[in-house]
Structures are given as structure tokens and as C-alpha cells.
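Listed after this line are the structures, all set down as C-alpha cells.
What follows is a pair of complexes built around subunit A, which joins subunit B in one and subunit C in the other.
Up next, the complex of A and B:
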């Protein structure tokens, strides 16, 4: 062992463990942010008493009586209100409690921690709400490709022969399919009215990695004694696949899926950056970056690009940390 | 008494043409155990897998295998699925790999019950606990919820036996069930198996390379060499007066308390490679008693239970 290795080795496993925990914590934070976006950043408060009425969670229920109000106006009219941590909604234009009237985009300050865009929409609120689109696209697409890839991969590995040959060629074809350019071409023909086509499209095109891993694992598992033991007990193929093969093939597949989430989020950002993505006014991180292009140099609104960019980079890093930790866990067992 | 399992002139060729089982005939009776012994690679396990119809796809089997008169080799796949687990079952050498690491022991024991008796999960789980305690596991309720890695080797083998016997099959094939276990645990597992044989009238086909296991747990023995059964008969007879030189050599190679301090007698030479075709007696190249005629054909000497294949048997 060289002196350098001696220095490095003792803390390496621990550091790895720490990185995995950090990744899991960040992922947890992201999911909580996405799920609770309406409670973290909203134009309406968490609770308010106005006109002799108490409204609980108007941020979620959005009562029609408060249609024209926001936390800025309610501060004047309400008896009391319990605000959200970020008192702005993602689509609330020229949102200000201090009544400023100068031209947006506004630079980060005490009121708008990450600044606003040219319509005076709070960047932090849009980031928080954008996490929903980005994460659901990432996880949704991977969920679909996980189902498709597992099914095809396990069948190919289990039945081998002609089934394997056909499915493997299909996998190779799908592997060479240029997903990104496919979406660009598709956007030339039709307009996406929701994120659903993106999710389904990415899910149906990004499964080959998973199918290959699932096939390799199945090839290994089908020779193991416990599969033989299950056949000895009279279990059918379907039962063996579902109870014995799929659960044991999952670990490496899940690692790939974790990295796949990062890839799908990046692809959504890249597509949105080119203006092909989740339709406005839904906030997604890619869409924020797309909007930032025009104001980046003049008037120098750096905050429009930097913070969404950090969010994307951080999320991708998080998924990679989680994937690495899973991989580590699996190679140890 | 008619045999529970009757195997006649069974041949098995693996994909690629290697004949690993050659004209093998034996019978297993209810309440009795047959030990199938031989060196590694002599076709013991292949013979058992052929009986279970579990040889790899593309393997060719010939001959006849009858379970209570029902032919297994010609039965349709669906019927075989029905029979496996409910009529005939099998346990393996390595209890560590024969259990699925991601399922609890209890749910794996319940597997056969849900497949064959269509028990509801809760009923199957309760039955699994009973089965576990019937194979001598204390604390069965706790152990049923444990995962395989949380159990010791002996306990895993007990759990596998419980799984194999869940649907009360009439024939149990045990492929080297004690090889991977400690000596003391070996004895426990063997007495469990012989106990089950006696109490339930189970027919037991015990595959092993350990002659000690045979004498401890078997009523009959069949000695396999290079795919053929060279000698078979009741254990006491075969062990006291072996006729085939291979059996005699195996018995001589055993360590014993009397011959302490002396080197063990080893059998020179190697088992012929898998699938090699050798005319006449396969043991001839290693046999000190070989005659010219041994190179030409194999004799079948003896009737019924006591048989051997030798021109120049030991003791003549």
C-alpha cells in the first residue's frame, strides 16, 4: 500500500456511506418539496381570517371568495393570516408585498430571495413548483421503462432461444433510437398540450438498458438452485418468474433506474431549453432555463439561469449519489 | 410389494450428446430408502433430475420411469407440474442457494401449499409454521418469518425438507442433503429423514458419495460408476460382500478406526470423461481384476434386488 492509499483507504468506505445518506436525504427533500409545493410557495396563505370567515389551507382549497386576493393584499385586509414560507405563487405576476413598481426582472433581494423573471414571477416559487414537473417526468418515464424493460428482459432471459433472439434484436434497435431527436421531430408535427406524451415517450424509448440488465440477471438466476427448488415444488413458470426471478433481478435494475431518472430529468430540461417541453405556464426547470435565455445577457438577469441550473445539477447529482449507494450496497451483499 | 418408483433402463443424454445416465434400473419402495452412491460426475444427480423431468431443455431421456405405475417420462408437462411437490419432491445439496434470499422461509415452505392445495396465504402460513416445527425447528413461528441468511445451514436444510414435504409427497429425492453440513448436523438431518421415512411411509432416494451416510440411512444401495449402476442390493449384503471391484475399492478407501495411522487405500486413475464411449465395462481401465472379455461386453449378473455387472466379481 502506498502512503497515498493509506491516507485514502481508511475514510473511503465511510465517505461513501455518507454520500449515500446525503443523496437519500436530498432525494427525500426533493420529494417533500414537490409534494408540498403548494404549502411551501403560494399566493394564498395556509390559514387566514378575513371578512369574519376563517379559511383553512386556502393555498390548497383555493376558495372562490379569495380569488382576487393574495398574501400581499390579505396582509392589509385580514384580521390575521398564517403565510406560506414563500408568499408567492408560481404564476403570480409582479408579486410584491412592498408595492414596488420598477421594471422586472427584479434581482434577488430580501423579498424575492432568488429574484423574479420579466413578469415579476418569483423564481424560488417557480423552482419549487417546477420540481413537480421535473421529478414526475423523471420518475414517471423511468417507471414505464422499468415495467417494459423488466418484462422484456426477464422473458428473453427465461425463455432464451427464439424469444431471446427476437427480444434482444428489438432491444438493440430501441437502443440505437435517437430519443432526443425524435422528440424534436415530433414537436415539429404536433404541439404537446401536457407533459404526458413526454413521459410516455421517454418511458417507451429508454427501456433497453433495463431490459439488458434484467436479461443478464435472469440468465444467471434461472440456473440457481432455488429456481430449481421452486420447479420441484410444482410452481409454474409465471409463478417462478414473479416470485423468484423478478425480485432477485431487481437490485441492479434499480441502480440503472436511478441513473435513468437523472437522465430523463436532464433530457426534459434539454428539450424544454429548446422550447419543446411542458407547455406554458406550467413551471418546469427546463422551461425556466428556456425563459432565462432572453434576459441573461441583457439586462444581465443571471439569477434566472443560475438557480434553475443549480436545481437541475443538484437533482442529477442526488440521483447519482443514490444510485451509487445502491450499487455499493448490492456489490457488498 | 410393488415399487413406489420403478426406473427401468433409463438413459439420459445432455444437449450435446453426452450420455450421463446409461441403462440405469432401480426401484424405490414406500417406507424404504435407496442410496445412490458414486464419485462426482458419475451421473447420480442427472439420474435424479431425469426422474423429476428437470434435465435442461434439449436433453434426451429414454427408458421408463414409473411412479406408482404412472409413466413420468411420457406425461404431459402440466401433469408433471401437478405431480412435482405433491407426489414426488426433491431437496438439494446446498441449502444456502436452494432458498430464495428475498423471501421469508415460511413463504417458501408455503409455496407448494398455495400451488397444489390452493390454500389462502394465511392458512398456508399457519401450515408452514406447523411444518417447520415438524422437522424439528424450535421457535417455528419466529423462524418462519426469518430470511434464509438468518438461519444456520442445518436449519436451512430442515426448512427445505419442510418445503419439500409440505404437500405430503410419497417420494423424496435427497441430492447430497448432508454434504454441505457439519458432521453433527449431518447426523441430525439423516435421523430426521429416516424418521420421516418410517412414520410417513415415504420412499427415499438418497444421493450421496458418502458410504457412511448410506450405512446410516439406507436400506438398499445402488453403486453408480460412469453413468451405470454397477452393483445394487440391500446395504448389509453389498457392504459385507461386495461383488463388483469398484464397490470393493470404494469400501476399502473408507477411513476407519481400525486402520488408524495407515494411509487410506486410494483408487488409481480417473473417472472416464463425461460422455466418452467405452466398449465393455467402463471400470476396466482402473480394474485390477479385468479380463479380456471385459473389453467386449458387460454382463448382468443376479436377479431382482441383488445385481451386479462384472465378469470377474470379487470373492470368486
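Up next, the complex of A and C:
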């Protein structure tokens, strides 16, 4: 930043620092939620004593003796139980502790803070468990695109010439290829039985940004003295690339990757919205939104569409905040 | 300039061929055919696809030969020429994407300039936060929300629920027809454009801020040139370059995003066409849509590159290499 710019923007760095911290805190919260989903929302309690047996963490261990129980029924039969904060599992249908019998979907109330879907499944519980699918798809896809993009970008920048020309065409191809079409067709071919094809497919389509950046960085780095010094010492190309070029090209690439996670989460949701997502009954945010579409015509159950969207928007915002903070950190150093 | 155009076109050739190969491969590796869904179309199938005895590469070359003359065969679903279906759908998608582009850039540039000119004002800060949030909100969710709250589901029916025209629009007369279409386009275009608007205005703000801090702006100010003139004649001109580059990124994402928007608002464009075609295993249509979308995207990227060359003479002379 030039001194003149510093004058124009005295308020920016501080404001951005706060934003970055907020982003990191939210990201931490999201990861904890995803990892601890089973302890936050489960049909089984954290601890329970029933039939002269004490079960510790049945929410995780799922003992066969409690197969037919949930926190609602255990409240009647157990000597004592320590419940989870949200006493419903993500796939628990017509989940209720008060024995209500009116037709689902139930609107948000004290029992179901964010309401339920038409099968009586708690929306908050499904959102908490859905964060697993959404976050792991986001991070998984970016990890793949990071590997592919870094490899191709660094090679193109290092060897230039024919290699660069070929890889540039490949980048252009992945960039212009109609992504949604690709997934719609892929879903037709593979009949997704897990989220894995989604993750791999997204990773293989989203690397061009990263490759571009890695290439530009490598073009810059290869002219620098420390690379020359390494070569003078007799280092092989592979060693120079791995030990000297890649680590130095990494920071700007990681910024792009952070924004990439946000993009991948958005894309998972957009695909799920089109009906191509993780297979049922796994909860993912996109799948929740897809289910909510049915209520557009009879919009009684607005909560089904509003809350998953807020979860997605909040997560994407978090990743963008973190990405912006990282970017800021680099432009200052 | 002519040499540069020629070079870029030549570079696009392998990209185009690569995309056709992938498209062809996906469509031919896909299991199932329309026969399973609709025995009626067996006749069309026997006319359409080369006999299975032929190896795939030969089939591909035949298909490519026909594609180059804009002959995509007939749809397996209703036996209409695919070209006919495309000419119905493509203008709708292009209209949507181009309108969104115009709206996004038309708003982003003044917004960005304002934010750079008055960085400390409350409006600027509010705008910057708002645009940052807008950038993070998923398109289809916004689509669902406006459909829910603005088309009469919950709340007032300010806008129509779906489609591009009202059912009785044919009787409105030309002006009424236009107004009706515009009214139908408000929500889809808004949904499609706001993300691009956010990205571009951030870029405008950043490069304007950079430009305003340069010495030539100080010099202009010292010479007593008016604030408005400095902003628009000196700083803006120099900060538009990276904004033009963003065109080539915006267009593919707008075309991709139009699939979701078309789907949400029931607009029968390329996205809806592709979606239905894949559901029906209508491979001639699928391959045509994919190829055409790729070609339109490639042309859009080429157009943005050429615009860049027009704006920045250095590119014309050397080509975009570093």
C-alpha cells in the first residue's frame, strides 16, 4: 500500500482485521458443529440409566439394547438421562417428546426450534448433521482441485513452451465446459450412491483458477535468484519445484482455495437444488433446500426453505471472510 | 489486430474439439437409452445413431461433421429437429444472461466509483458490507425466497410466478407485450445479476482506489481540475482495464447460473432444455446443448479478450503473455 492509499483508507485495516477474526471464529464453530454433530443432535441421549444399566454416550456407541428407544421414550422408562442439546436425530421421523399427533410439517415452536419437514424430522437436527456433508464436500473438492491445479500450474509455469500451451488449452477447456451439464450427465451415468463422485467431479472441474495462479507465481519465481542458486548447487528440477517453487507459490493459491471452498459449497447446493446431490436420507443443506422446493406452491412451510439457505449463506460468508483476511495478510507482507 | 484475432481463434480450436470429445464420450457412455423410456422413438433411433457396429471414433467423426453444418439431428423425445429446439431456447438464455450482464456492470461501475470516491461515508461502508454479503448468498436460495415472498405465496403478488409471458400476452399489443415481458424478467435478471454485481463493484472500487492514489491524480488536482472530471476522465479510464478482464470470467458464470434461474422461474431456455433432455435420455439434444453452450462461452471469452485488446494497445502488439 502506498502512503497515499494509506491516507485514503485509514479505516480499512482495522475493520478488515475484525472481519477476519469473525470469519475464523465462525469457521471454528462450524467445524466443531460438524465434528460434534452426534453429540449436539441425536435421538439417543449423552448418558442414560435404564433397566439397571448405565449407558455412556449411547448417541455415539448406539448400543443394540436401545435400538428401539429415543429420548422421548427414555424419558418415560429411564431412571435418569442426560439429553443432547437438541433431543432429535437427523433421520428420526415424527420426532416428538410431547406425543403430538397433528400432521407434519410442524411449524417452529419450543420443541422444534426451526420446525420439521413433512416426515416430522427436526430441521435444526438435519441442519447440524447436514453441515458434515456440506463442509466435507466443500473441503474435499478443493483439496482435489488444489492438487491438480498446483501440479498443472507449476508445470506450465516452469517448463513453458509446448507444455504451457497444452496445459493452457486444458485449463481453458475446464473453464468453459458447462459445469452443470457435466454433473447432470454424470448423475445419469453413475447414479450417485455416495458423495464421492460429487467431490471428485467438482474437484476436477474447479482447478483452473488455482492452476492460473500457480502458473503466474511460478513464472515470477523461476526468475528469482534463490532458484538460480538452487540450480547452481546442482538441484534437480523436481527438487527445485518441490522444495523451492511450490512452497513460495502456495500463499496466493491458498487464498484462492479458501474462496474455492465457498464456491464448492454453493455448487453442492445448486446441484442438490437441481436434484443431483448426496443420496437420501443423508442430510445436506442442498438436499434440505431441494426438499423445500415442494412447498413453494403451497407455501405453508416457509421455514423449510429459509433456514437451510441461511446456513449456506452464513458458511459461504464465513469462508469469504477468512479468504479476504488471508488475502489482506499477504498484500501487507 | 487481425493477427491477434486469428491467433486467438486458432487457440480455441483444440479447446472446442476437446469439449466435443468429452460431450460425446459422456453421452455415449451413459447407460440406458430412450427405448427404455419410450418404445415409440425406436424409429427415430434407428435413423439417428450410427449402427453400433461402427467404432466410437468413427461415430464421433460423423457426429462432428454434422455438427459443423449445424445439423444436430432430431430429438429422440418428440422427433423435432434439434436445431429448431435450440433456436427457441437459446435466445431466452442469451437475453437473460446479457440483461444480467448489462444490469450488473451498469450498476457496479457507479457503485464502485462512489465507494472509492467517498470511502469513509456511511453509505459506502454499508454498501461494501451489503455487497460482501450478497456475494455469499446462493442464487437459487434468493430465487426461492423471492418466489416465496414476492409472487403471492406469502406476501404480496408483486411479480409473476413463472415464465416469460402472461398466458394472454398475445392480445396485449406490442407495447403491452414488451411491458409484460419486462415485468416477468425483473426477478430472474435480478437473481442472475446480483452476484456478478458484487464481484465487479468490488473490483471497480479497488482499482479506483488505487488509481485515485496515483501521482497523476494528484497532479490533476494540483492543476485545479474539477473533482468530477478527475474521477471520470482520469481515474475511471485507467481503472476499467481489470474490470474488462472480469468480463471473460463473468460470462461463463452467468451462463451457468442461468440454468438454476431458468429452472427456478420456469423459463424454457437452454438450461431447462438440457435438464429435460437428460431426464428423457434425449442424447442428440444433450450433446447439442452442451456443445452450443461451450461455443457460446468460448465466443464470449474471445469477445472479452478482444475488448481487452481494444482497451489496452499493449495486448494487441505482443499478445497476452507475461
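As a convention for this text, the second predicted complex is superposed on the first by the 317 of 333 C-alpha atoms of A that agree within 3 Å, B and C clash if a C-alpha of one lies under 4 Å from a C-alpha of the other, contacts with A are read in each partner's own complex, and residues count from 1 in each chain.
In this text, contacts are C-beta pairs under 8 Å (C-beta built on N, C-alpha and C of every residue); 3 or more make two chains touch, one makes a residue touch a chain.
Predicted model, so just to flag it, every value in this text is computed and none were measured.
A.B. asks: Looking at the overlay, what does A:248 touch: subunit B (first), subunit C (second), both, or neither?
C.D. replies: The first partner, subunit B, only.
A.B. asks: Have a look at where A:302 lands relative to subunit B and subunit C in the superposition and call it first, second, both or neither.
C.D. replies: Second partner only, subunit C.
A.B. asks: Go through the superposed model and pick first if A:293 touches only subunit B, second if only subunit C, both, or neither.
C.D. replies: Only subunit C; A:293 stays clear of subunit B.
A.B. asks: Identify the partner contact of A:68: answer first if only subunit B is touched, second if only subunit C is, both if each is, neither if none is.
C.D. replies: neither
A.B. asks: Going by the contact rule set out at the top, does A:175 touch subunit B (first), subunit C (second), both, or neither?
C.D. replies: second
A.B. asks: Identify the partner contact of A:225: answer first if only subunit B is touched, second if only subunit C is, both if each is, neither if none is.
C.D. replies: first
A.B. asks: Spot which of subunit B and subunit C makes contact with more residues of subunit A, would you?
C.D. replies: Higher number of touched subunit A residues: C.
A.B. asks: After lining up the shared chain so the two structures overlap, which partner does A:313 touch, if you call subunit B first and subunit C second: first, second, both or neither?
C.D. replies: Second partner only.
A.B. asks: Touching residues of subunit A toward subunit C in the complex: what are they?
C.D. replies: Those in contact with subunit C are residues 2, 4-5, 7-12, 15, 169-170, 172-173, 175-182, 184-186, 188-189, 216, 219, 262, 266, 269-270, 273-274, 289, 292-293, 296-297, 299, 302, 305-306, 308-309, 312-313, 316-317, 320.
A.B. asks: For a test of understanding, state which residues of subunit C touch subunit A in their complex under the given definition.
C.D. replies: 11-12, 14-15, 18-19, 22, 26-27, 29-32, 119-120, 125, 132-133, 135-141, 144-145, 147-148, 153-154, 209-210, 212-214, 218, 252, 255-256, 259-260, 263-264, 271, 274-275, 278, 281, 286, 289-290, 293-294, 297-298, 301, 322
A.B. asks: Can you tell me which positions in subunit A touch subunit B when the two form their complex?
C.D. replies: 224-226, 228-236, 239, 243-244, 247-248
A.B. asks: Residue numbers of subunit B touching subunit A in their complex, please.
C.D. replies: Contacts found on subunit B: 52, 54, 81-86, 89-92, 94, 97-103, 108, 111-112, 115-116, 160, 163-164, 166-167.
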